[in-house]
Structure formats: C-alpha cells, structure tokens
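Look at the two complexes coming up: chain A is in both, with chain B in one and chain C in the other.
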Partner chain A sequence: MHIPDGFLSPQTWLPAWGVAAAAWTWAGRGLARRLDETLVPRLAMLTALAYALGLIMLPLPGGTSGHALGVAVLALVFGVRLAFLAYSGVLLLQALLFGAGGITALGVNALALGLVGALVTVGLYRLLARFGEALAVTVAAFVSLQVSALIVALVLGLQPTIARREDGTPLFFPLGLEITVPAVLLPHLLIGVGEAALTLFVWRLARRKGWVAT
Partner chain B sequence: MRRLLAVLLLLAGTATAHEIQVGTAGATATVLSLRYADGQPFAFEAYELYPVGSQTPAQVGRTDAAGRIAFVADGRAEWRLKAWSDDGHGVDRPITAIAGELTAVAPIAETPRPVLWLAGLGAIFGLFGLWQLYLGRKKQ
Partner chain C sequence: MNRARYCLLGYGLAVLAISFIHQPLWLALGLLTAVLAAGPARWSLLRRALLALLLFNASVSLAYALLAGWRGQPVWAPLLLINLRVLLLVFLGFWLVDRVRLLDALRGWPLLSMVTTLTLGQIAVYRCLLDDFRAAFRSRNPLPPRPVTVLRHAGAQGGALMEKALHGAEQAAQAMRSRGSFDG
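Here is the complex of A and B:
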C-alpha cells in the first residue's frame, strides 16, 4: 500500500509533506517527557514488528500481494502520537532501504497509514470498547486498514485529474478512481482480516504484560 | 473491358497502401525483468519506456507472464521506465539499457535483502537504544 516515488504530482506530495511535518511536530511535542525508560524498549519492539510486517509480502488471489501494517497495534498500545511517529520512521526505513514507498510520497504514506490509521484505530476502539475489548480491537484494526487503503486509492486515483499534459495524458499515476478504489480496497479486505487477527494477538500479549496505555 | 483492366492494373500498385507488411529483422534486445521483492513476477502490468529527456514514450505495453519487457534500445543507453499495477504498485526510475543483457528492475538490487532487513532492525534498535541512553543520563 506504500505509494512509490514518481506516482504523485508535486501538487499532491508537497502539501502532504507540509501537513505531515506539522503532524510530526505535534506528535513529537513533549516526547522526552512521554517516552520514559520503561516505554522505550516496548516501543522499539513493536516498531521493529511493524517494520518486519511491512516487508513480508503475502501472495493474494488475483496475482497481487499484500502485507500487514502493524499501525493498529502501535496505536492501541502507545496512543496516536507515538504510533504515528514510530510508523513514520518505519516508512522512512522501508523507503530508504527497500524502495518500498517513496521519499516524495512519504508525507502521503505517513498521513494515510500512520496518522489516519492510528486515529481511526484509537477512535473506534474507544467507541466500541463497551461491547467487548476483543471485538473493539478487531473491528478497529480492520476498519483502520480499510480507511488507510481508501485514502491511498483516492490519492492515486485523483492523479490523472490533478496533473496532466495539454492533450489530457496523465503526467503521473495514470489510472482513475474507478480502477484504483476497487483495485486497492478489495485485496485489503482480505489483508484486513489478517491485520485484525494479528493486532488482537499482539494486543492480548501486550495487555498481559501490562503495556497497554489506551 | 481492356481499358478497364488496364486502369485496374495501374491502380493495383497503390491498392496495397493500407496493408500492414510484416518483416523480420535480427536485432539485439534489452530485456528488463520486473519482480516483487518476494520474487513474484510483476506480470501483465502496464509500462511505458521513455528515452531520457523525452515526454513521449518510445514503447508502451504490458509485461509478459514472467514480468519481462524486451525492447530495442537503438543505441540509446539512458531510458526511463514507468510501470504500474492497478493497485498502485510499480516503479518510475531511470534504466541503463545494455543490449543483449537482462536488467533486473528492483528498487535497490545490489545489497542482499537479509542484509537490508538487518540494517533496518539495527537502525530501529540503535535509535531507541540511543534514546534510552539519553534518558538514563538525564536521570542521573
């Protein structure tokens, strides 16, 4: 789901970098106070998990492949701000080392996957917790992945409208919303089931160890 | 009747103007190979090949079942490849065409993947380790 370099117009990725920079500033405020000695090793472990998950490609029906994110578990254990910062670091590493996701697209990827993913996870968890924590975790993880996927699909699918030559040829990603939305969302319905199961498993472990903050 | 035949014979020369003539010629092609990181071929996906600096693609099409693109570089070494799938996977990067050779198109092809994995994990634990050290010193 990471958007690579060259697929987004500057009209898209430049403002996204601006918004992401503001969000990183917000998330990093008071970090030294919030990130104490007990939290650092835990955050390191789950950040490493998210990094590893993002690089394990699972073949999906239809010839495509996908991977879990690990954002939901970061958000449930550490809250939105730390999850967003940690996952942005994961995206940066994946882009620099593997070319999985672009540097120019980092702002969009971080906002769609890291910030929105974490916000939807925590919001839905809080909303649904009264119906049972396991249900809340599962639904929150599943839905947050779908919302992130939808944003990625919308951003990609809008590129032919945002930037094209005089003759109408798209300058960047050439496929419209009618193709990107189903192409991105349908595989993620399946990936979401895996993400939800994995989130629940890790969340239960974290809870047993007394790590959970939300 | 003879006149009509003569006219038709004269026109026959131009009557072939709309035919597509297919010829074969020996040429050395460059073959690009596109794969996902897990080795799965980037098969049947759309691509465009541009000579560097050109806005008009010299070749467009779809990769084959093995994720390959064969093209004749016509002496040009520097090209730009754009390839994409419907779900937003793909590449947009410069390619150096070497005739007769298979060029693997991976984001970073030189370093073995396990080394990159470990480098990433090292960066994560190293960074958080430094933060932990900083917190420890601050406490003292």
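Here is the complex of A and C:
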C-alpha cells in the first residue's frame, strides 16, 4: 500500500524523512552485534518474502496500491527494530528497481508500514497471546495492516489541504480524505485476511524451527 | 567519495528541487533534459517509467477528473503538473539505478549494504525457485488444476520454497562470514 513518488508535498516528506532517519538510527543501534550467520539468512529470506508480496499489487483510486506486506511476520520473528530496518530496505529496493513507492515517500512509507506496522503487531500479539497464540498472530497481523492503511490514507488525503495554489487547486496528491480513507481501507479489509493467514502460516513454520523472538 | 555516491547525491538534490517546482513547463523541460542526457537507454527507461506509474496515476487521475469535473474545478492543469512530476521522479530513479551499482552507492552504510546484498541475492533465489516450481506444477497437471489442488500445491510449495530459500541464504551468509562480513 505504499505511496508512490511525487504524491507527497515537501511539507510532508521532508519532516517524515527526518523522523524516519531518527527511527533508523534507533533501530540500527547495537544491531551489528545481533546479526550473525544464523540470524542473517532468516532475515534475508523473510525480507525477500516481504519484497515479493509487495510487488503483487492492485492499484487503488485512493492513490496507493493494495497488497500484503509481510511486516507482521518480520516483526513477530525478529522484533520491531529489525523488522522496521528490513522493511525499509524492501521499500528502497522496490522504489529504485520497480518504481513502486518512491524516494520522496520512503520516510512516510517506512514509518507507516514498517515502524507502525511492526509496533502494532508486536503490541497486539503480546496483549492477546494469553487467548491463544494463533488468535493473537491472526488478529495482530490483520489489525496492523489496517492501521498502516489508515495512516497512508490520512497522509494522502491531507495533501490537498497541505499544499495547494491560491485558487485551491492541488499541487500534489489531489484527492481528499473523503476519497482516500474508504478507497484505501475497504480493499485492505479483504487483503488483511490474506495477510493474517500468510502470517500465521509463516509464523508456525518459524515457531517449529525455534526462530521466534517475541 | 566515489562516482556512485556523487550520482546518489545529485539524484537526491534533483528530487528535492523537483518537489518545489510547481510549473508544468519547468517540469517538462526537466524531463526533456533528463531524457536527452540519459543516452542510448533513454527510451527503455522512459517506457519502464511510464509503465510503472501508468496504473497508479491513471486511477488517481481518473478519480480526480471525475470529482473536479463534477465540482466545476480545473481538471487538466493539476493533472498535468502531478503526472509530469511523478514521471520525472520515476525516470530519474530508474536512470540512477541504470547508471550506478546500488551497492557502490550504499558503500559507507555497512548495515544497509548488508541487508541490500542479502535481499538482492534472495530475490534472485526466489525467482529461480518460483520458475522451477511453476514448471514442475504444469508438467504434473496436463489438465487445468482445480482450485483446491492449486491451494494445496501453494501451501506445500510455500513451505518447500522457504526451506530452499533459507538454504540459499545460509550459503550466502557463510560466504559473507568467510570474507569477514560479521567481524568487528
């Protein structure tokens, strides 16, 4: 569901890059010590899975695309910081190699999809784990996708208000919240079911192999 | 600073400047300049950029045209501005990747380089594995398979795919270990 290049005003993407840079610094601190030849292959495998999922997308009139993320799997297996960093790498590659997403939108996309998605997943999983791990994983994956989708819809829908000419015509993304919120959220209710099922499948596999960090 | 880093810096500055340009004429001139400067690869880069943004921008442009037309607001000027800006940004991104090795440009950020190296390697592994699995599935099903069969196959092969991908990544990690990537 990442936002393409050129849709965000500099009033949005420059501060977002600043916040994302601070978050990347936080996430990367002390990480070199954690990465070894057992963790790195798992990370590479699930990062590539997230990359592949992000390329099977359906354009939505709300200015973004509909697709599964794979962030929930990364967050459940590796924790928030590593999931955020790995997904940021996915977004960078998708932007540069396929023009999916973009450099200007990278900060917003990384924060909304990578950081918030991972935080909501891990938070909900911990909250709901006592009701059963399968339920916790499924709900966490589904809700995290909806929260990320809502943030993307809000950021896009605010663009005509943030950046417009004196006559009111938009300078960047032209559609308001009344369009973006339903256009982005409704398809993601369905996509969320697929994301939850996929997360549960991969999480069970990871659990069997003893990879799970949460 | 190597050439790739200079290109990356130039690209970053160009992206920043483009975000502050709101005249379609200047954006069109920028696009023309970039296309002319891109050399022999210009048409394939332009085609890739157009294809990459076609679906997204077509859906957004159509939705805006309907809405603005209904409200009696200007339609063409905002759409021209937005689409030109997006096309120029995507074209510049593809041009950068065509001209520089991404890993050279990322040299100096070890963590990012490592994640990028492994992800790029994994993408190649996945592509080969998926092609193999698709061919094997077709050869076992001379008639079109039922949805249940497809689903069962997808589940079984999904697990096998990850096992194989993990094996490939472990080999890559061992190669990196032997070259000192995890030292210090």
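We adopt the following convention: the second predicted complex is superposed on the first by the 206 of 214 C-alpha atoms of A that agree within 3 Å, B and C clash if a C-alpha of one lies under 4 Å from a C-alpha of the other, contacts with A are read in each partner's own complex, and residues count from 1 in each chain.
Going forward, a contact is a pair of C-beta atoms (placed from the backbone, for glycine too) under 8 Å apart; a residue touches a chain by one contact, two chains touch by 3 or more.
Not measured: the values here are computed from a predicted model.
Asker: Overlay done on chain A, so just call it for chain B and chain C: clash or fit.
Answerer: clash
Asker: Is A:Gly168 in contact with chain B, with chain C, with both, or with neither (first, second, both, neither)?
Answerer: second
Asker: Looking at A:Glu37 after the superposition, I want to know if it touches chain B, chain C, both of them or none. Which is it: first, second, both, neither?
Answerer: both
Asker: On the A-aligned overlay, A:Gly132 touches which partner chain: chain B = first, chain C = second, or both, or neither?
Answerer: After superposing on A, A:Gly132 lies clear of both chain B and chain C.
Asker: Is A:Leu85 contacted by the first partner chain B, the second partner chain C, both or neither?
Answerer: second
Asker: Regarding the shared-chain residue A:Pro4, is it in contact with chain B (first), chain C (second), both, or neither?
Answerer: both
Asker: For A:Leu93, select first, second, both or neither according to whether it touches chain B, chain C, the two together, or no partner.
Answerer: Both partners.
Asker: Taking the superposition as given, does A:Gly18 touch the first partner, chain B, the second, chain C, both, or neither?
Answerer: Neither partner.
Asker: Would you mind checking which one, chain B or chain C, touches more residues on chain A?
Answerer: C
Asker: Among 2-10, 56-64, 92-100 or 146-154, indicate the stretch of chain C whose C-alpha atoms run into chain B.
Answerer: Only 56-64 shows clashing C-alpha atoms.
Asker: Same chain A residues contacting chain B and chain C, which ones?
Answerer: 4-7, 32, 35-37, 40-41, 43-44, 47-48, 51-52, 59, 63-65, 89-90, 93, 97-100, 165, 173-175, 179, 183
Asker: Mind pulling up the chain A residues that touch chain B in the complex?
Answerer: By the definition above, chain A touches chain B via 1, 3-7, 32, 35-37, 40-41, 43-44, 47-48, 51-52, 55, 57, 59, 63-65, 89-90, 93-94, 97-100, 152-153, 156, 165, 173-175, 179-180, 183-184, 187.
Asker: Provide the residue numbers of chain A that touch chain C in the complex, in ascending order.
Answerer: 4-7, 9-10, 13, 28, 31-32, 35-38, 40-45, 47-49, 51-52, 59-61, 63-65, 85-86, 89-90, 92-93, 95-100, 102-104, 165, 167-175, 179, 183, 201-202, 205
Asker: Within their complex, state which residues of chain B touch chain A.
Answerer: 36-38, 40, 43-44, 46, 55, 82, 84-93, 106-108, 113, 116-117, 119-121, 123-125, 127-129, 131-132, 135-136, 138-139
Asker: So in the complex, the part of chain C that touches chain A is made up of which residues?
Answerer: Result: residues 11-12, 15-16, 18-20, 22, 48-49, 52-53, 55-60, 62-64, 67-68, 73-74, 77-79, 81-82, 85-86, 88-90, 93-94, 96-97, 102, 110-112, 114-116, 118-123, 125-126, 155, 158-159, 162, 165-166, 169-170, 172-174, 176-177, 182 of chain C touch chain A.
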